[in-house]
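Each of the two complexes below includes chain A, the first together with chain B, the second together with chain C.
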Partner chain A sequence: MARPATEELRRRNRSALLDQLHRRGPQTRAELTEALGLNRSTIGALATDLSESGHIQETTGRSTGAAGRPSTLVECVPEAETVAAVEVRADRVRLALVGLGGTLLARAEVPLEPGADGPEAAELAARLLADTPAAETVAAVPGLVDAGVVAQSTELGWVDRDFRTDLERATGRSWRVADLATAAAVGERSRGDAHRSPNLLYLHGGRGVTAGMIADGRPRRGSSIMLGHVVVNPGGQKCRCGLHGCLEAEMGTFEQSATIEATTTAAWMGDTAAREVVHRSGGLLGRALGSVVTAATPDEVLFGGWLRELYLSSAAAVRSSLAEATLPQLRARLRLRTPALGSEGPLIGAAETGFEALIGEMR
Partner chain B sequence: MARPATEELRRRNRSALLDQLHRRGPQTRAELTEALGLNRSTIGALATDLSESGHIQETTGRSTGAAGRPSTLVECVPEAETVAAVEVRADRVRLALVGLGGTLLARAEVPLEPGADGPEAAELAARLLADTPAAETVAAVPGLVDAGVVAQSTELGWVDRDFRTDLERATGRSWRVADLATAAAVGERSRGDAHRSPNLLYLHGGRGVTAGMIADGRPRRGSSIMLGHVVVNPGGQKCRCGLHGCLEAEMGTFEQSATIEATTTAAWMGDTAAREVVHRSGGLLGRALGSVVTAATPDEVLFGGWLRELYLSSAAAVRSSLAEATLPQLRARLRLRTPALGSEGPLIGAAETGFEALIGEMR
Partner chain C sequence: MLLELSRISKSFGPVEVLSEVYLAVDAGEVCALVGDNGAGKSTLVKCIAGIHDINSGTIAVDGAPREIHDPRDAAALGIEVVYQDLALCDNLDVVENLFLGREKLHGVVLDDDAMEQLAAETLDSLAVRTLRDLRQNVASLSGGQRQTVAIAKAVLWNSRLVILDEPTAALGVAQTRQVLELIRRLADQGLAVLFISHNLNDVFAVADRIAALYLGRMAGVVNAADATQSQVVELITSGRSGAVGLPDPNGVQS
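Let's look at the complex of A and B:
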């Protein structure tokens, strides 16, 4: 019985070491010893093992300490394990091939026809992917995603689309499908500057407004928050979705990035009508956000996609209307800001979702 | 190196076996073998080990199979590990002493003076606890709880009250403090009939309206949802909390259980005015719930406390107003119902929170 237990422990330690290097970057053996709480000889054995399997390499790097002696760093070999991340948007499909340690190895992009359906988007993903040797393939799609099915996507106009099956048919590989906002939240937490927020809400403005949540440090996979369909004005404007007074319906003109950019720019330039639109939209956003903050109690809210522009142009309106819709105890610890990774967040997060599975399976 | 690994594995298996018996009740060795995926000799060794430490016992129980031969059941010894759960409400403090396997060993209750502060409530908890030999002590408090601090409790009138410290001073023991609605959600999931819902929302109506959430099978500890302060009517009635148009403020008369009971009873009897009040309140509840369902995407919503009466008297109004405030894709899989454990849910859930920690620490 001793042998399987030891083997299991060794696999677990290997996986923990690789995870540490993947997330935190090159480190000395001494740093790894401390971070993982293992002794030096165990770290040495694991490093030898992972070098032999081609996952890590040791290089002479930065100098450390008073002596200034250059120390040997342990780092991931990016090509040892790769993840292909695909982002599907209304007008394009993008691919990033990411290596172990988070290195971007390749990227590509093709335009998507307006109104394209699942199989068409999957076909483009297949073309981008070609014979890429990725161990994991992950797609990020804006909308409400559940177990590979895109239940609702305002941006793509899809309803109950089994996109995972579309991708599997087009590529002959197995896929994970994440919603774009949750993927972006994962990206910000793993590679952005939101490491310390166990409860992170990422708002994404595309041709629909969604949100992704990290709760207690873990992404709520596949269940994005349909922020655009929070009712901010009961009995108000009729929305495409059939409800009345949804954030998206009430914002009206703010549906397309072109419009928002023109409007926020005009507002900056002093155009009174544009300022009024921006102020009003910021206020509506703050009100919708208020309900979500009450229900999801994040520590940090990031404004991504075109909501970034809107937030930067109307922060005071967002904050004051948020203050009218949430208890002071919930606002006290809340930080509002823009994403560190910009529009790369979803692709980076989708890749990280793949790496988490990959490294987890080595256990 | 083989020895610690084996020891660690043995501890893990012990903990898994005890967890299985604690949650699922008495089982045969064959059932345990199947449930845990361990072989018969490992189960045998663990059973001997846990019998010697006094945690389990084997008894001749129910007859199984065609032969009808009575089979030996493995079961928890309740007294081997106990958790004391305390519930603090506006007018009382209750204690339940729960043994391994979920057996109720003792209970007690004392009235709480209206407006009592943290130290007074803690003093009563200490008196109820006396010299109970509980390994874990857990308190459930209605309101927004974060790391032992009651940030806001409408029911108790507490703001930023460090109740964990109050309890530790009064009893000389260390405490976990959970919010009542989250504790009730844990109770329903572990001992009620909500086993299969990984995303469960428990609404609690007391002298405030809060909600607790289980997301992806795990309680969102210490962050209850302040459902009563979701703004359902922007710019509406001024609420005690300072906001305008909160659910609690708009419901008005529905603050006290006495009122709700009288009103729902009158509505059942055909009183038109009472029916109107119930219908209107159900509609407001559905609207607030709509925002929370959009943000938290539960599979199941349970109406606890006096919301149970309100829901049973106004289900159609709740559902129709929920339909106006959530996307059909989110409602399609949503079940609305009343809690199986009734008003015992919070105490049972608080005890389970303690057992989870206790059994986890044995690992």
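Let's look at the complex of A and C:
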């Protein structure tokens, strides 16, 4: 009976060590010993074990500290475990093959026909993936995603689309499907700058405006926040969703996703009409955000997609209306930021979702 | 508080340009300094930087009053000023510019590869993706890229307070955005940042606190999270907004 217990402990330690290296990058054995709270000989045995299985390698790293003596670093072998991440957007499908440790091994992109349905998008994903070896395959899709089903996507025009099944049919592999904004939040928290924020809200500006949330360090999987359909002007513009006065409809999102650059540049150059549009959009965004902040109390909000350009061009309006729409206690320590990973966040986050499952299964 | 100014006054001849100005900037925060043209923003920066001597008042760093008579005094205290006309050497490349003068300061001699690696790591830590070739001469860089190099230098030199006087004034819209993100990242890495601008969008995009100078006096300091654009505009243009502001804005020039 003693043996299985030891074996289980060894597996747990293996998984913990790999997780530490995957998340934090190359480290010395001493640093690993410290970080994992295991003793030196245990780390030594695990390192030998994981070297033999091809997961890690030890290299003479660069000199650390003032002494300048090179130290031996333990690092992941990227090719040992790989995750394929696919991002589906209105006009393209992108693929990133990510190796253990977060190394980008390959990437590819193909255009998507406007109005393409689930099977068509899945077919493109299959073509990009071809026979790439990957232990996990994860797709990020903008919209409301639940258990592999895209319940609503303004960007793709899909309703109740069982995209996981589409992908499985097209590729013969099993898939995880994540909402794009939530995937981006995971990416920014694990590989971007948002590691200090256990409650993170990522706003995604694409053809629609959605938001993904990490609460207490865990992604609220599958349930993105439909920020674009928060009503900011009751009885206002008719929205595609059927309501009136939604943020998306009032901001004219569909024009903005294509013309944000032109509009903000014109505003910056002093064009009064463009300034009015940017200022008004910023104010409306702040108001909608106020409701979400009040309900979800995030520590940090990231403005992703074209909302980055809008926020940086209209921050005075965004923050003014946020100040008028939230309690002082909720806004005092709220950080408003733009994503450190830029447009790579969703793919990186989707890959991280795969690695979390992969490393978890090794336990 | 990393930097604390109290009752700073500065005159040029008979003209008092700064009158009993107070201001505090802490590590990890962006404090924006706003005010109309001629309000005294640049003069205040030059007092902190050791270019002008103050007539009265105190400048405290880490709670201890300091005498700053010379830019070297400021540098020794970890204060780095990024001016609009940046002090970069056009005939040197990015890496060389980043390390210019550093040997003298720390007495460490780094080889070329080590310098390049350290430069790359610094830019990486600031999420700078716009400088691909670190071996190109800075003469070939855009305004925004030059600004980036100047700011990265502050990080590489372990500065504690970075002061930027109108860093986005001469930049296009895309470059302005990158510099704003960089300013925010500096503070998130633990540096104190004093950011001078008269563009309120830029200010609200990055600031934690906003200090408004009005005719050489500090009209008020507000939290960016609590402020609205119109309050800040009022502070700038009239020295008062609601309960915040100078008791007698119109008596300032007495």
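Going forward, the second predicted complex is superposed on the first by the 355 of 363 C-alpha atoms of A that agree within 3 Å, B and C clash if a C-alpha of one lies under 4 Å from a C-alpha of the other, contacts with A are read in each partner's own complex, and residues count from 1 in each chain.
Heads up, the rule we're going with is that a contact is a pair of C-beta atoms (placed from the backbone, for glycine too) under 8 Å apart; a residue touches a chain by one contact, two chains touch by 3 or more.
As the structure is a computational prediction, the values presented were derived from the model and not from experiment.
Enquirer: Would you sort A:Leu312 into first (chain B), second (chain C), both or neither based on which partner it touches?
Expert: In the superposition, A:Leu312 contacts chain C only.
Enquirer: In the superposed arrangement, does A:Ala325 touch chain B (first), chain C (second), both or neither?
Expert: In the superposition, A:Ala325 contacts chain B only.
Enquirer: Check whether chain B or chain C contacts more residues of chain A in the superposed model.
Expert: Result: the larger residue contact count on chain A belongs to B.
Enquirer: Between chain B and chain C, whom does A:Leu50 touch in the aligned arrangement: first, second, both, or neither?
Expert: neither
Enquirer: Just to be sure I read the superposition right, which of the two partners does A:Ala340 touch: chain B = first, chain C = second, or both, or neither?
Expert: So A:Ala340 only meets chain C here.
Enquirer: For A:Arg220, select first, second, both or neither according to whether it touches chain B, chain C, the two together, or no partner.
Expert: In the superposition, A:Arg220 touches chain B alone.
Enquirer: Determine, under the contact definition given at the top, whether A:His229 touches first (chain B), second (chain C), both, or neither.
Expert: first
Enquirer: Counting contacts the way the document defines them, which residues of chain A are shared by the two interfaces, the one with chain B and the one with chain C?
Expert: In chain A, positions 324, 328 sit in both the chain B and chain C interfaces.
Enquirer: Which residues of chain B touch chain A in the complex?
Expert: 1-3, 5-6, 8-9, 42, 144, 151-152, 159-160, 199, 211, 215-216, 218, 220-221, 223, 225-227, 229-234, 241-244, 287, 290-292, 294-297, 324-330
Enquirer: Spell out the part of chain A that touches chain C in their complex, as residue ranges.
Expert: For chain A paired with chain C, touching residues are 62-63, 66, 193, 264-265, 268, 308-309, 311-320, 322-324, 328, 331-332, 334, 337-338, 340-342.
Enquirer: Could you list, by residue number, the parts of chain C that touch chain A in their complex?
Expert: It comes out as residues 108, 114, 117, 127, 129, 173, 176-177, 180-181, 184-185, 188, 200-206, 223-230, 232.
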